[in-house]
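Here chain A shows up in two complexes: once beside chain B, once beside chain C.
Right after this comes the complex of A and B.
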């Protein structure tokens, strides 16, 4: 008869901080990389130049509609066959970032379209250069608008980062897979890992909500 | 590499995998829709403890990566209950949990989007809570509900690829199997990407068309 016994997997807990750190590192780097990648895509989408618009749309639709797991297999197995051998870490990071960039580009586009054109006109009439308008006038306002959807985006990347375990990156999901198959305490390791993911998600949401409050306070 | 044959020779494997993927995600969506409707309504109109419970359910299952749900559903439940779960049963359970959490959010947002005045008016003409919900609020909420529901379906269909982890031969696992036989990883996974893309893109384009069709004109 099965008995729930958390103590049975207690010996595996010393590997937990390390695996949580890997999950957070993967998430953090992917969020930054995807945001950097999303900027040119969003800009191209809004450029009004037909070939650029089509390319940007194609990128977004393509990467939003392919499961991230399949994307990982393309990068890890597919590219290896084509001669490009990515390590598990880089393949996972690439899959996460290229997938997240599609969502992030849409968030940025919505952010840009929320800025009234009067802001640009006013800045231009003050004699600001194009890059100054972009950096000092538009970007700060875009940043403020996109904070709430960006929080959901970060949580999505955090959840998606669990794909790394499939190819064997030692993240939190991998801790669960390894602990489960080593101790046969599948339910326990699932519950521990699931609880940590829930806490991490709530943590990310809380941090971004705090940033949002500060950004709003700056408006008054 | 010991290549035996061509990827395209194995097209029936892909077709069967695809059918299973669609079957799985449809079951998850339909059951998830019903459960999500109850949970979402309880979260919006229920008494405080019920509301807290439903919020905890939604927040939890939205914050657990699908990989973990399939793992927990298959190995976890099998070991914990002593029942031998088939990969299909485990996948259905995992996906229903995920879909109902997503749907309850959609339902809550849809019912909240109905103007408060509609409630006041319905109550003022003497309708009870359920009558008002069924005849006045519900029909308005359902219009708002349809487009994001299709979004949920696409999300669920994509996440069904994680069922390959527990050995269910849906589309992704079918691809992995063909890869093992043929060895042509690049073709197999590009083909998988293309199939998923075509299906999901057609569904979401359909959603967009529906959204235009159902848009409220005041």
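Right after this comes the complex of A and C.
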């Protein structure tokens, strides 16, 4: 019988804050980078210009259908064999971001398609320029529509970031594996890591829900 | 009415208690080793091993495992007249699998260390190995002292003995942990790390496969008794497995299997 004893891994807790910071940094940067990457992809997909549409669809289908783990291996081991040496951190970030961009592009596309064309027409009839229509009329409404799926997306990126531990990025999953292998108290370290992941995800969800409430305040 | 109900409840409780206690007593009397009785009842023995660790253990394209460790496990299963069921784990998973009862034993290039012995049990060793630092032939590194510098990356499999060897001998170098030995080797091969710490025998087999691309730095950095692992607390299961290893070594079968997979003679035990 396994004797559960959380106290046995207390000495490893001092390394927890740093590993949580790594997980959050990896997630935060990947979310921002992938959103920036997703805009041109979503725009290209909706452009109606055949080569751009095909390219955007190809990107989305390619990166949505390759596991993050495989992307990580390609970037870390594969590119290195071709002479491009990415560190474990950059390889993990790139794997997360390129994967997340595919999902984010689809979320953005759904957001754009939810805006009635009458909005653009009305804005144009008021004499707004194209960029003004985009920035002042369309984007705020897109943002409001995509907030709930975007929250799910962020949680997906946060959980996906745990794959970085495979190549030894010192994140929360790495803390879990290292603590387990050092103390032989695997169940305890799994449980602690799982609890922290839950708290982090709930935190992300709460922050985005607060943003959502503010965004909707004007609609009441 | 309430009296009757209480009587029925008491009767039920007594019945359950007798059944449970009786069950325990039967198990304790019938079989000295709980694990052995489970294995015999099941008809299969669950053996944990690691993947990507040739020639000890690796997975063939058809999904079945092969190697020196696999042959040893299969011989033990045959001796017990049960079917082997191989469970593939990573390095730290060898201990977890035993602790949680997911595996009855491991044959997994598993070094008996005192730290591990506090969590699980080991038989006597069936092979004794050392550890080397391996680099690319073209590397400027000539001695392990040169590895011990900031900016030099050393690849190790996570949860293996190489982690401790790296911390003890090259604490200034940057240690990069991978999930399997082959991942660590791939990192060395693709230039993502400058050196790798490897079991000396595995080292030799990688050198044999990869020809002139790699070399070892001089020096042996560990004494490792490779043994069969088993859950702690079942003394009879230990007695059976230890007898198996004693006879495997004594009969020369160990040396034969070793030569089959490594291509040269078993180093003295």
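Odds and ends about this structure:
The working rule: the second predicted complex is superposed on the first by the 218 of 220 C-alpha atoms of A that agree within 3 Å, B and C clash if a C-alpha of one lies under 4 Å from a C-alpha of the other, contacts with A are read in each partner's own complex, and residues count from 1 in each chain.
One rule holds in what follows: a residue touches a chain if its C-beta (ideal position, glycine included) is under 8 Å from a C-beta of that chain, and two chains touch if they have at least 3 such contacts.
Bear in mind the structure is a predicted one, so any value in this text is a computation, not a measurement.
For the composite obtained by overlaying on chain A, chain B and chain C cannot both be accommodated without a clash. By the document's definition of touching, neither partner reaches A:8: not chain B, not chain C. When chain B and chain C are set side by side, the one touching more residues of chain A is B. In the superposition on chain A, A:155 makes contact with chain B only, while chain C stays out of contact range. Of the two partner chains placed by superposition, only chain B is touched by A:197; chain C is not. Once the two complexes are overlaid on the shared chain, A:128 sits clear of chain B and of chain C alike.
In the superposed model, A:68 lies in contact with chain B only, and not with chain C.
When the two structures are aligned on the shared chain, A:52 is found in touch with neither chain B nor chain C. When the two complexes are overlaid on their common chain A, residue A:178 makes contact with chain C while staying clear of chain B. Shared-chain residue A:115: touches no atom of chain B or chain C. Contacts of A:166 after superposition: both chain B and chain C are touched. Among the options 96-104, 222-230 or 240-248, the segment of chain C that ends up inside chain B in the superposed model is 96-104.
Judged by the document's definition of touching, chain A residues 2, 77-78, 80-81, 166, 177, 180, 184, 186-187 lie at the interface with chain B and also at the interface with chain C. Taken together, the chain C residues at the contact with chain A in this complex read 91-92, 95-96, 99-101, 115-116, 118-120, 158-159, 163, 176-179, 183, 186-187, 189-192.
On the side of chain B, the complex with chain A involves touching residues 59-60, 62-68, 71-72, 75-82, 154, 158-162, 164-165, 172, 175-176, 179, 184-186, 188-190, 192-193, 196-197, 200-201, 204. Contact residues on chain A toward chain B in their complex (touch as defined above): 1-2, 4, 61-62, 64-71, 73-74, 77-82, 155, 159-163, 165-166, 173, 176-177, 180, 184-187, 190-191, 193-194, 197-198, 200-202.
Residues 2, 76-78, 80-81, 85, 88, 166-168, 174, 177-178, 180-181, 184, 186-187 of chain A are the ones touching chain C in the complex.
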